[in-house]
Amino acid sequence: MERAAPSPGLLQPGQREIELDVRTQDVEINMGPQHPSTHGVLRVLIRADGEIVTAAQSHLGYLHRCAEKIGENVDWLQYLPYTDRYDYLAAMNNNLGYSLAVEKLLGIEVPPRGQYLRTLIVELNRIASHLIAFGTYGLDIGAFTPFFYAFRERELLLDIFEKICGARLTYSFIRPGGVFNDAPPGWLQHVEDFCRQFEKKWPEYWDLLVENKIFIERTANVGIIPRDLAIAWGCTGPMLRGSGVDWDLRRDQPYLVYDRLEFKVITGVGYRGTVGDCFDRNYVRMLEMVESLKMVRQCLDQMPEGEVSHPDVGLIIRPAPGEAYVGIENPRGELGHYVVSDGSKIARRVRVRAPSFCNLSLVEHIMPGTMLADAVAIIGATDIVIGETDR
Amino acid sequence: MLTDPVTAAAPAPPQGNLWTDLMHGVFPDGMPWWMVAVLGAAVAFAAVMLFVTVIAMFSIWLERKVAGHIQVRLGPMRVGGWHGWAQSVADGVKLLLKEDVVVTGADRLLFKLAPALVLGTALAMFVALPFAPGLQIADVDLGVFFLISISSITTIGVIMAGWGSNNKWSVYGAMREAAQVASYEIPLGLSLMPPVIYYGSLSLRTATDMQAGWLGLHWYVFDPLHFWIAIPSFVLFFVAALAETKRAPFDLAESESELVAGFHTEYSGIRFSFFFLEEYAAMFVMSAVGAALWFGGWNFPGVTQMPEGALRDFLCVVVFTVKSMLLVFVMMWVRWTLPRIRIDQVMTLGYKYLTPLSLILVFAAAVLEYFLALAPSVLP
Amino acid sequence: MMTDLSIPTAPRKRRYWGNVWDAVKSTAIGMGITFKYLWSKSVTVQYPDEKLPTDERYRGIHYLEEDLCICCDACAKACPIDCIEMEATRHGKELEWHKFTLDYQKCMFCELCVYPCPKDCIHMGKEYALVVEDRGQLVMDLLSWKGLTEDQKVRIAEAEAKKAAKAAAQAAAQAAAKGGGAKMDAGGGGGGGGGGDSAAGASDAAETEPTH
Amino acid sequence: MPALQRDTGWGPMQAYFEAARAAHAALSQAGFPVELHQPNLPVFAAEGEAKELAAAHKEGKHLWRGDAYVQLADRGRIVGLCRFLRDQLAYQQIIDVTAVDHAAEDKELWGMYAFLSLTTKLRLSVKTMIPKDDCRIDSIVPVYPGANWHERETAEFYGITYTGHPDPRHMLLPDDWVGNPLRKDYKFPEEYHGISCV
């Protein structure tokens, strides 16, 4: 932004006096596509006046893998592994969203045990995803160690996932019609052990990072998204709740067995700053881990016996013609799948409404006026997964 | 022990030593004064360089191990057998063998000069450190002052590196470093004043000698009349020293999550290793100053009372180095605990918190010293 | 220390000494936590020397029960990225394998190839280290052998002999029915078996070393 | 406000049908040329449904399942409709803007809009037809800023021009990409900047 030459002796409104003598030029910096804190290959073009960001523009598409085009070319079930790959930190949730959309067209409901198993594993995956969000947020702010602690507990979760579905990242576990496998013997006990272990570790995260004075100074009152802005820009998930909006699809539009579980919807309260700042978004994620843990416990208690899959859904799926939109609460927000079927074994259209994509669209509008280090904090607090924004 | 000009200048009798023979042949009347100076400097430089290299390599290894164990992993385990002790050697060899890249569009002079300047100043700081009674390269009267002033020259090297790299991130790193170090000179200097007032001298040697009481445990931080000033002033000094040495949470110049690698983004190979050595050398020097002024320098029960001699000097060096390394360890420990401060908060912390607090301490120390001087009989 | 989740909602007032105290306290707490872990046991393992066990259901590199496989292509059809290719010649009931390759450059270990198998003969194995020196080596052949085994050859020969005998019997029956005295050629079956042998020998020679 | 009743495994259904009916009524009363489309198959599949579907298909009858939606006949009024939905019916959030191309022979694309109300907790889908030979529609960014990136993405994938869009750059594809990949008549390029795509 080349400033217009000031007319001598005349201060423009809001102009500092020094600028009359020193003509400065804003510097344009490419943050990314390869940058330590863009969480992937996001490129943010930042214009900065010294340390202060004056404009930002995100450039996407470095990880575009044509997921929606692939959806129109493979069988309904064959698309399932591709859903793992947009939000690879919460692949179970992606499987679930797609499966629910297909089930809506199929007109079937999964047996109770399948539903509980889905809920349980999706909540575990939410904890795993929020652990990464918390760890990498610490990394963005400059604290290394919480990242490793977060991964230590995530590792236990991945072991749990490996035991039930055989994969550690791209699970392809929840399928249209149910889940692929029932839990192996002793698996529920593993989950319980994890709950006990995680309960002990979680306060440490809180003390080590969240209550740290430097962390509070870095995140509180930074990147404030007011309530109205968050709603207007279609933010969902912790982004929206961090701005104080009491909205959670699990409670407000219940799917699976969430209406039978008791949990609190965490909203940002301005715990250390203003409602809707970066601290609040992280705060929501931190406390959501606790809520997810509660839900996991309840699922374990209520887990019924029986089948896990609907017997009518085979490997070749032919849903009825029609279209269905199902939005579920992903760790990052509302993950929507809009599927259109013509009754054949291949979809007409698979549209993925990715939460990170929508949350990220707001980021470039709240960046101007913050400092360069805050830009990193804001991107980190958005908790984007580039696989999801680009699909 | 290194070079006493008087003894070295005396004509060396030929003793069959190849070197002395040679010197005698060249300078039959004994070595001229400049030769003595140059040789002395060369020996001192070699000693310091060797010491710095060993200390830096050990610190790098230690840093990685500390980081590893804090993060419930192991750190380097492979090279050299026991806990990867040779990892730094391997890294050093790798850095020496790597291609020396000078990026296109760089200011070649600044780019190449910067690492040398940075490392040079780090080495110069070792001149004033009192390792042992007989082992101090120069007992500078203004030792503390000398160290502070020399250490800030590093900044010029960092700015040169940042500017010469032709990289925006590097410029950001350099500018942050400039702002940060310029503002932390003040609290650093001020936080050193309470011990200076206590010792009545700027010489580190004097400071160490004055802490020799109580079988070598009469350290400044343990002084019953002064500990309430000594401990806060040490904390302030430590924070300012972290900022001065660009260590977390003040590592804004190279903050990897924001500026990629800051001022040394474009450096590779041996030039990069210079920056690396400098960082750990500076950490050691700052810790050594802290150890000398607050923690008794080489004084330790059993060592202080020994008769003078090579053994005592050696043990003094060990005590002093261990004390300094413990403080270096604390620096690492802090690094792997805390997040990074933003640049404006660094300024706030420096100007609004550290400076006034250290001024208060200086004032308190001065008042205390004044009243103690009025009533000498109260002194323990 | 964090104990309960009842949270003050009002933002704290910024106080000078409060800030100093908060900073010192939270740093001390944090350093306490890191110091505790400094002495704790590591949770990582030294990877190439120690390996963590993979679970029973682990989805690693496939293995194929080749004597069960009937080359029905069901797994290849189920694969979303078409990374499975198989080729075999049928000799009656016996299969002469040419290749059963899986392209691990493409494979995403989704296990969808396992479910449709009618003979339950393709499985996900426990191996996961896919380290090769050349991308081409990632196209792995799951077969441990190719061509025909001696047993198969014998069986094929038997089958062909049986077939030939049957054909001969039929021909004889026909001839008998016709009442003609045409003498059948008894060497036909043996000739067919010989042809199979030579083909098997050729593919034996071309056989590469097993991939696992 | 209490949560919606969960009546299926994938969430509330009847409430959304109601929402579509209510929105249709309100919109037609306000003078928008809208029609309501409701699925004619039951929410849950009955036994032997596949046969029924096949038979209906042969007869040319269209049986379908899924969401009810409101179809806007005049695509020129989409911005007004969005404003009405936001201000009168409290659909505060735009969830999704996308398009569907059913077949290469089709003359029209579907323009899809998904809305969400945070106060009534309802969802609404609005569909409008966009002819392929005049592939333009007004941008709803002035009403819902959140539609910004969705419209950019749909624009490059379907070749729809959102008139009045504040930032009509390419979103996910490179700036010099030719063609609109999600159209059914899209031809895969042979190469891109010397990189073979075959």
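Chains: A, B, C and D, in written order; residue numbering restarts at 1 for each.
As a convention for this text, contacts are C-beta pairs under 8 Å (C-beta built on N, C-alpha and C of every residue); 3 or more make two chains touch, one makes a residue touch a chain.
Since the model is a prediction, treat every value here as computed from it, not as a measurement.
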Chain pair whose interface holds the most contacting C-beta pairs: A-D
Chain centre separation in whole Å, for chain C relative to chain B (CA means): 59
Interchain centroid distance [CA atoms averaged], chain C/chain D, Å: 42
Mean-CA-position distance for chain B and chain A (Å): 45
Where chain A and chain C are represented by their mean Cα positions, the distance between them in whole Å: 34
Residues of chain B engaged with two or more neighbouring chains: 70-73, 336-338
Chain A residues counted as touching two or more neighbouring chains: 145, 149, 152, 208-209, 212, 214
Residue numbers of chain C (touch at least two other chains): 19, 27, 30, 33-34, 37, 43
Every chain pair in contact, whichever chains are involved: A-B, A-C, A-D, B-C
Parts of chain A lying in touch with chain B, wherever the complex brings them together: 27, 29, 35-37, 50-51, 138-145, 148-149, 152, 208-209, 212, 214-215, 217-218, 371-374, 376
Chain B - residues contacting chain C, complex: 66, 68-74, 77-78, 333-334, 336-338, 353, 357
Contacting residues of chain A [partner chain C, same complex]: 74-75, 77-82, 84-85, 145, 149, 152, 155, 159, 162-167, 170, 172, 180-181, 184, 203-204, 206-214, 216, 220, 269-274, 287, 290, 315
Complex interface listing, chain B residues touching chain A: 67, 70-73, 168-169, 172, 175-176, 248-249, 251-252, 255-258, 260, 336-345
Partner chain A, residues of chain C touching it in the complex: 1-3, 5, 7-12, 19, 22-23, 25-27, 29-30, 33-34, 37, 43, 54-59, 78-80, 108-112, 115-116, 124
